[in-house]
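Presented below are the structures under discussion, each in the form of structure tokens.
Each of the two complexes below includes chain A, the first together with chain B, the second together with chain C.
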Partner chain A sequence: MRKMQKRVYVVAADTTVFLGTGRKEFHPKKPRPGLEHYIAEAGKGVLAQISDPEAVDEGVVGNFMASRFNRQGHLGAMMAVVHPSLAGKPSLRVEGACASGGLAVVTAIKSVLAGQADLSLVVGVEVQNTVKAIYGADILAGAGHYAAERKSGHAYYFPAKFSDRAGEYKKRFGAERTWAAMGRWYEQAVRNARLNPKAQEFHNTTTDLFSTHQTMAPNPKSFCEHINVLDCSKVSDGAAAILVASEEGLKRTGRKKSEAVELVGFGHSTADLTAQPDDLTVLDTTRRAAREALEMAGVAVRDVGVFEVHDCFTISGILACEALGLAGHGEGADYVLSGATRRDGPTPVNTSGGLVGFGHPTGASGVRMAADLWRQLTGRAGDDQVKIPSERPHGIFASMGGNDRTVVSCVFRRAA
Partner chain B sequence: MRKMQKRVYVVAADTTVFLGTGRKEFHPKKPRPGLEHYIAEAGKGVLAQISDPEAVDEGVVGNFMASRFNRQGHLGAMMAVVHPSLAGKPSLRVEGACASGGLAVVTAIKSVLAGQADLSLVVGVEVQNTVKAIYGADILAGAGHYAAERKSGHAYYFPAKFSDRAGEYKKRFGAERTWAAMGRWYEQAVRNARLNPKAQEFHNTTTDLFSTHQTMAPNPKSFCEHINVLDCSKVSDGAAAILVASEEGLKRTGRKKSEAVELVGFGHSTADLTAQPDDLTVLDTTRRAAREALEMAGVAVRDVGVFEVHDCFTISGILACEALGLAGHGEGADYVLSGATRRDGPTPVNTSGGLVGFGHPTGASGVRMAADLWRQLTGRAGDDQVKIPSERPHGIFASMGGNDRTVVSCVFRRAA
Partner chain C sequence: MTLDERLSNVSVVGAAGKMGSGITLLLAQEMARLSLLPQNRGKVFRLNAVDLSPEGLRGLQEYVHAQALKAAEKGAVGLRALYADREDLVENGEIIEDFVRRVESMVWPSTQLAAASGSHLVFEAIVEKVPVKVSVLKQLREIVPDDAFFFTNTSSVPIGLLDREAGLAGRIVGVHFYNPPPVQKLVEIIRAPGTRPDTAETAAEIGKRLRKTLIPAADVAGFIGNGHFIRDGLHGLQEAEALAKNEGWPKALWTVNRVSQDWLLRPMGIFQLIDYVGIDVFRFIQDVMGKFLEEPLSHPVVDAMIEHGVLGGQNPDGSQKPGFLRYEKGRITAVYDLERKDYVPLDPKGWTAEADARLGPLPEGFRGWKALAGAPDRDAALKAHFDAVAAMKTPGAELARRYVKRSREIARRLVATGVAARPEDVNGVLTSGFYHLYGPINDFCA
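Our next item is the complex of A and B:
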């Protein structure tokens, strides 16, 4: 069995505002900050929390498609915008579609485990509001098997993929309860986001979120057959950053152990990009990665008090709850309807709003999840802080790429 | 000082033909194989050399710009085309412009050092002949700081950057000897490529390579001020693969130690992408990475018998010889003119043709360098085998991204 050969911590984290439609300061025609700005802001936010920024040994950037959204590759070499001392040090970009952020976290963890870094600065970033939504959909379709599927596929490639999943789930497990659960997921996401000033839905003032969702019937002529636009995560610009540390690295930062979380297990799994999922109602790869992470940590899902799942669509959130073992196959909708995933429920999921509420700057999301678990487990979450019972001291995230084709999962617990 | 915490080996390697202008089978208008083909061919070429392909633990893909050349991201999840057993296992893509292949090698090394893999399959790939050269130049400009530099830059962004380097080197160290050395580099590259059936210049039949180069005066109106088209590496489609192993992994493959090379040191350095090089006649980042690699290996350049440098342009090859310590600052041109870097010289460089002769499928080149060192050090290089003196049993590569902004260097020696 895979083991942590040494202790690894997350000692600091930060995220920028996730910008896009819905935010008051967003205007589609006005100039906006670029990649450099977001990388610098999130990275500096982390370095401001430690005593010596020059102590950082290396950088890792998670990014999916700056090559098309911004025509910019080679982001690893852009880390010097965070701090000049990073010029000269090792740094690279990793990518696995929307799991790019999760992969960046794992890459830093391995670097520390390998004894090649004591402090690894991870930044996930994406700036997507550079093109119209329909072109953006073509860009994001590069997370699927483009050559084989793009021409025959839906113009909104990924919404259609997850609409198919929602349709199959409705068919097998009940249309009404599924649709209601999707509505509750949307409601929960926006409610959480309203407590988080950096969230894209922070300014959302809709009074009855649930019924607004329920009455917006999916329309295959204008969008997709089984989901509406509220079921979709947002097109966002933003970045998130964390600092991954060895025991020695933690000391160097001047932080107390109580200000850090320990990484106790991680999993990373893929599925064949050129093939289709066996069962549309199951997120197999997410399940595998989460099981690996929990197994490595030697804990069960009942030991976990706070969850971050990849709700690129509301249906993905429901399926992810099943994949993590919160609910059995086909029981995820009821689980969400029971209120168990709400911030006041026993297993709060996506407490800062998730991809639907906080926003989804694709390459940033996995790092943002790690950042949010750090915030929650160290009690630094501010208005969106949830109570984590002492008998469930762990947090888990599952960062998913494409149609459940690459997934990274990490389990943390409060250090001390 | 950084140390290898355990032994790491390369136990097998393979490359595809590097396809593009110059190859007899290449026709710009005819359909050609895609990414899937190249990943599968190189990967299968490696797995065919070991007893149990299912023993591989993970995949790493080095790729620079499939997102634009092929609109395809998420290549880590494409490794199942090599072998179905790779579906489910960890796999990711790493990127750092033309150093993407080198980064993939380092990422696998760290995974093994971290105890997370005993056998890591690394594939570097790029398929670039999908667009005309002038559009390709725009795509490759994503290795520089696109937002700041592209509009004001030369249409052939990178050729112009290295033309500036050549111009400065000519000015400071003598125009005639520099131009002659660039011609000799071209001659050496094609001569080596003629011994390598997979090289893009394998079919080149020019009789007097040197004078062909010398008489083609650089023309700023049609191309660049200080280099001609023969000074440039090729636009290529291709892939290279290696298998990185722990001691335990090596045993699992059924290979003898004499069939493997040991990785004894590696370096990885970056420079600020948003800044310009201090001195155009120096490859600072290459120098740093190579020094780190040699230092970690505890050897000096005089202990190295075979070299792979990133000659994206002939001038880069000359500068890289200086950066590796083969010649002093400003003495690289004379060093090349002396014949020292030829296959029958004391320090053979780029024995299979290098980027100018073998070709430069960008994301593949760093992996190809590692593959070539494995071939040379284990005596499996075939027609392009050089004699490696027993007192210089090491091989080194330096894989460079952009204008010397990300560099990975590795030092190997024959195992046994």
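Our next item is the complex of A and C:
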């Protein structure tokens, strides 16, 4: 059985504002910050929390498609914008579609485990508002099997993929409860985001979120058959950063152990990009990665008190709850309807808003999830802090790429 | 001749004007769509955009590009289906670009009427002057094929008159788009007594192709839309004039504009609407209607505004020019004072507040046009609103009641005189063409 060969910690984390429609300061026609700004802001936010920024050994950038959104490759060499001492040190960019952030986290973990670094700075970043959503859909379609599927695919390629999943779930497990659960997920996401000043939906003032969602019937002529636009995470610019450390690295930062979280297990799984999912109502790659992470940690889902799942769409959130074992197959909708995933429920999910509420700068999301678990487990989450029960001291995230083709999952608990 | 054949060579005369450019865009998009159908591969589709102004035609090309791009981006879901067999075009971006280029390539601009000579269908959207329209239609009749149809966008001139004077033998029908044609759903279809059935049927088919809401109107100057709007506007002016005697013009105009928007739950107040249409255009339609209907339709304030050179209408970028009201980024910032011949800025702590206070409060639980437009309980909310207005004894409610009654009276008369075949048609024009939440023929404040 896989187990942690040595102790690995996350000692600091930060996120930028996730910018896009919904934020008051967002103007589609005005100039906005670029990749280097976001990398610098998130990275500096982390380094400001440790005593010696020069102690960092390496950098990992998680990014999906800057090559098309920003016509920029070679992001590994952009790390020095965070701190001049990073020039001359190893740094690389990793890509795994929307799991690029999760992949960056796992890359840093492996580097620390291999003894190649004691402090690895991870920055996930994406700047997507450079193109309109209809053109962004082409770029994001690169997370699927482009050569075989783009031409026959929908104008909104990924929304349609998950609309298909929603349609299948409705058919198998009941249309009404599925649609209601999707509405509740949206409501929960925005409510959580309203407690998080950095969230894209922080300024959302819609009074009746649930009925707003429920009355917006999906329109296949202009969008998708089984989801509406509120079911989707928005187009976002933003970055998130964490510092991954060995025991030795943690000491170098000058941070107390209680200010860190310990990684107790992780999983990393991929599926065949050129094949179709076996069952549209199952996120089996997510399930596999989460199981690996939990098994490695030697804990069960009942030991977890706070969850971060990849709700690129509301239906993905529901399916991810099932994949993580919070609910059985076909029971995720009822689980969400029961209120169990709300911040005041027994298993709070996506406490800062998730992808639907916080925003989804694709390459940043996985890192952002790790950052949020660090905030929650160390009691630093501010207004969106939830209570972590002593009998459920763990936090888990599952960062998903494409149509459940690459997934990284990590389990943390407060270090002691 | 099939509709598709007829659409292979079309002319829009007056193509650079506001209505003409909108019609050109709509037709070019439809023709581009047709050109992609398997049975039409290799066929040439041609839309002659005829206008006297070369600058205007250059502007038309830019307009068509920008609007076609916007529409293609919005309609990408449907476009992908249309391009399903074009293996070389994969991305939304590639498909959109191809479609926009195709739309643009439909448009053949010309400053010469002769460009229309091969057209089986001619849209006329030139200036609302009877002799000019007659002369252009006559010239067209001589150069186009004998089976060509003429669709006129006139908003006021009787179609029968144009038919007779230009000798078109019934090959003309009124196809009255609303401004701006690509956005407004409504098209009034006006058959003259002599209009040939095939001409009218073709108009209806094209209207449907362009996904418009078609409402028939009788061939009476002003038809339904302007028949209501002009008289409704003149009522607003009379109310303002009465108020102005004691309150002065700025307060009077502000007050009536507010009542006609908020108390009546319309998308904009009456003076903002007249400004949008253009005060000069308003007078023009009013005069044409007055002449043909032998009805005294005028108001001295309209004449005075035009004399002062205050005309409303829009700038080329779509922003609103000053008229009865002045605007910044679409918001009202000042009101015209006819006595001082200048604008008085709104003063939310001074005169504007006094004028509002004099009106009295809006009904309790008031929700404006925008909030109600998409509300599931809209009908119940409208009823509750007007029940409250009916019961209130404030000057605002009194003004609103008179307005509701006058609007209903105008609408009923349009039905009684046969301009509209049914009450539903007047209501349909006001809801789909003017975006009212309810038709004027109702039992509110009865």
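Basically, the second predicted complex is superposed on the first by the 416 of 416 C-alpha atoms of A that agree within 3 Å, B and C clash if a C-alpha of one lies under 4 Å from a C-alpha of the other, contacts with A are read in each partner's own complex, and residues count from 1 in each chain.
FYI, contacts are C-beta pairs under 8 Å (C-beta built on N, C-alpha and C of every residue); 3 or more make two chains touch, one makes a residue touch a chain.
Note that the structure is predicted; figures quoted are calculated from it, not measured.
By the document's definition of touching, of the two partners only chain B reaches A:F64; chain C does not. After overlaying the two complexes on the shared chain, residue contacts for A:R150 are found with chain B and with chain C alike.
Of the two partner chains placed around the shared chain by superposition, neither chain B nor chain C is touched by A:K30.
Of the two partner chains placed by superposition, only chain C is touched by A:Y135; chain B is not. By the document's definition of touching, of the two partners only chain B reaches A:G401; chain C does not. Once the two complexes are laid over each other on the shared chain, residue contacts for A:S222 go to chain C alone; chain B is not touched. Look at A:R93: by the touch rule set out above, it reaches chain B but stays clear of chain C.
Measured by the number of chain A residues touched, the leading partner among chain B and chain C is B.
Shared contact residues on chain A (touching chain B in one structure, chain C in the other): 138, 150.
Within the complex formed with chain A, the chain B residues making contact are 2-3, 5, 34-36, 59, 64-65, 67-68, 70-81, 84, 86-97, 103, 106-107, 109-111, 113-116, 138-139, 141-147, 150, 268-275, 285, 288, 401-402, 405-406.
Residue ranges of chain C in contact with chain A, taken from their complex: 73-80, 87, 90-93, 96, 376. Residues of chain A touching chain C in their complex: 132, 134-135, 137-138, 150-151, 154-156, 215, 220-223.
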